[in-house]
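What follows is a set of structures for review.
Next, two complexes with subunit A in common: one pairs it with subunit B, the other with subunit C.
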Partner chain A sequence: MEKSKYKQIVANHTPKENRLYNSLISFIVGGAMGIIGQLLIEAYSYYFSIPTAYASTFMIITLIFIGCLFTGLGFFDKWVNFAKCGLIIPITGFAHAMMSAAMEYRKEGLVTGLGSNMFKLAGSVIIFGVVSAYIFGLLRILVIGG
Partner chain B sequence: MIYLNAFIFCGIICLIGQIILDNTKLTPGHITTLFVVVGAFLDSFDIYDKIVLWAGGGSLVPITSFGHLLIHGAMDTVNNFGIMGLFMGMFDLTSSGIVAAITFSFILSFIFQPRD
Partner chain C sequence: MTFKYKNVYINETSTITGPFEAKGPLGRYYDKSYHDLYMGQKTWEQAESKLLEESVELLLTKMDKSKQDIDILISGDLSNQLSSTNFAASHLSIPLIGVYGACSTSCLNLAIGANMVEKKQVKNAICSVSSHNSAAEKQFRQPVEYGGPKPKTATFTTTGAASAYLSQVVSDIKIDSATIGRVIDMDMKDAFHMGAVMAPAAAETIMTHLRDTNRLISYYDLILTGDLGKYGKEILKGYLISEYALDTKNIDDSACMIYDLEKQPVYAGGSGPACIALTTYGYIIDQMKKGKLNKVLIVATGALLSQATVNEKMTIPAISHAISLEVSK
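This part shows the complex of A and B:
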């Protein structure tokens, strides 16, 4: 069979996802995550009476803990399948990626499994973030001067 | 009012990610990486700071804030130490998030078993 024909048959039988529905769900869930973040920042800065900058750090730590815990309990995967980018783009997606890799590779041993594979999914975020921040920082020094 | 701004900004970031995910062959890993680079780019020219003032927590929850914090910490040390400061302050503001993610997932992976 020709390759192009085969590709066409595969494309016909791939289940079609409702793109409008997906976008709407991820918009609403992502927006709700933003509201939760803002609520946590205001709650922390009110109850601990700390500046907003520190409260936002506390908020990020809280969200990462929630992401790790819910991934461990097993129902975060279903939520991600439902909301897709609504939960992947917020910082919970980063926690989800690290926690999934940690749980998956732990049975292969502590050092060779858990230690060397924990960043398997989330490492690209840190690596590309650092490299791009370095290049953009150099550009900024050259253009604006610090 | 800031809650509405947070909802709109965070929602639009997720919406853009979903549109890219649905219409291209990129995986979620590609998209989060792309958004970190976009966040670092926006903060290099002080655009993201204005968004943070406008949207508050809504701009700190998406992964773009990770790139923003990376370059923000680097620029703080650049002001004091010159070009060598780029190497010194990169993780100043993001260290809390990375340390939290590593320790929580390390400890919790002993408690919970993967299920499929």
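This part shows the complex of A and C:
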């Protein structure tokens, strides 16, 4: 059979992903994560009487801890599967990606397993985070002079 | 290439599964099921190896035979370097032929075994396969606990091991013939749509088998494909209708039978070498013994990818082998 003809048969029988529904769930869950983060910042700065900048750091640490804990307890993957980018894009997704890789490879040794594989999924986030920070920093200097 | 056999029989089979398969529609046809994916072992890899070893031991127990009575073990799985097979075989100490045909392994090893038994090179052979959901997920996709979202066309690797005992001693189930397929590459690249990758290989092998044996598709009560899944099955039918104008009503797919696609979180259905083997050795052979099916063509399909080739954006070639089973008179 011609490859182009076959591609047409495949297309006829391949279901469409429900993008609108998925985006809506991600939007709501992601938004809720934002609200939780903001509430944490407010709470930390109010109760500990610290500046907002310090409070945001504490908020990030809290969310990372919760993400890692829930991954370790074994149900965060089901949440991620449901909420998709609503939980993957916020800092919880980063924590989850690192923690799940660490759990998977710890049996292959501390150095050869856990150490070298922990950033298997999250490594790209760090690399391209740094690269894009550099590019946008440079643009900022060039456009508005710092 | 089709081999015809005069005197090869499947005398006994054994099936062991994980928890998801036990809860599936064919749950009551399996010999044994585990409720935990570790099967009392420390790692996924060890768990799969244990499944395979246990399925061979269970087969020997069912036949009241010892390891020394077996001439050859022909076995395969999905893991790199066939490690599950190799570790299981090291404990079993039966001479081993390790075979890799991805998810088509279960028919490939039956064909090799049947050839050897037919030519009397061996007096008996055990053909085994295994796959493990978490071991496969870790090797081919992402860490198990990550559970990232997947498209509807993705399949769910079956956890289980299945073995069959072949000899010239007459039994209810005869291996009539085997067709070894060609590798087919239709430029498919989506590792989450294996049904589309493998359907052309299945179609070509079915067609080759029918031509070589000079049979019509209606000769078979059932043509059971390997692990094409809900969408792959429709693609296969579409292919056979538009290319060969075949009537496809007796075609079904084991990926759609092994799980309850509505209630279980398995996307388009099951996959892995154990999928068609568990369905055949558990359910199909039972139906044949009860007289509900007489002639069945088992068409296992394998997607020949590695993680490196997928990341390098290469196409995914596919292969399919067929085994024709008949109730012996």
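We take it that the second predicted complex is superposed on the first by the 133 of 146 C-alpha atoms of A that agree within 3 Å, B and C clash if a C-alpha of one lies under 4 Å from a C-alpha of the other, contacts with A are read in each partner's own complex, and residues count from 1 in each chain.
By our rule, a residue touches a chain if its C-beta (ideal position, glycine included) is under 8 Å from a C-beta of that chain, and two chains touch if they have at least 3 such contacts.
Please read all numbers here as calculations on a predicted model, not as lab measurements.
Because the two structures share subunit A, they can be overlaid on it, and in that overlay subunit B and subunit C fit beside each other without clashing. When both complexes are overlaid on chain A, the residue A:N81 reaches subunit C alone and has no touch with subunit B.
After overlaying the two complexes on the shared chain, residue contacts for A:L69 are found with subunit B alone; subunit C is out of touch.
Shared-chain residue A:G34: touches subunit B; no touch with subunit C. By the touch criterion defined above, A:M103 reaches both subunit B and subunit C.
Look at A:A43: by the touch rule set out above, it reaches neither subunit B nor subunit C. In the superposition on chain A, A:T14 contacts subunit C only, with no contact to subunit B.
In the superposition on chain A, the chain among subunit B and subunit C reaching more residues of subunit A is B. Residue contacts after overlaying the shared chain place A:K5 against subunit C, while subunit B stays out of touching range. Subunit B and subunit C never share a C-alpha pair closer than 5 Å once the two structures are laid over each other. In the superposition on chain A, subunit A positions 17, 22, 74, 84, 88, 97, 99-101, 103-104, 121 are in contact with subunit B in one complex as well as with subunit C in the other.
Put simply, subunit B touches subunit A in their complex at residues 2-3, 6-15, 17-19, 21-23, 28-29, 31-33, 35-37, 40-41, 43-45, 55-63, 65-67, 70-71, 74-75, 78-79, 82-83, 86, 90, 93, 96-98, 100-102, 104-106, 108-115. Against subunit B, in their complex, subunit A makes its touches with residues 17, 19, 22-23, 26-42, 56-57, 59-61, 63-65, 68-69, 72-74, 84-86, 88-91, 93-95, 97-104, 106, 114, 118, 121-122, 124-126, 128-130, 132-134, 136-141, 144, 146.
The touching residues of subunit C, counted against subunit A in their complex, run 42-43, 138, 142-149, 151-153, 186-188, 193, 196, 200, 231, 234-235, 238-239, 242-243.
On the subunit A side of its complex with subunit C, the touching residues are 1, 3, 5-7, 9-10, 12-15, 17, 22, 71, 74, 76-78, 80-81, 84, 88, 96-97, 99-101, 103-105, 107, 120-121.
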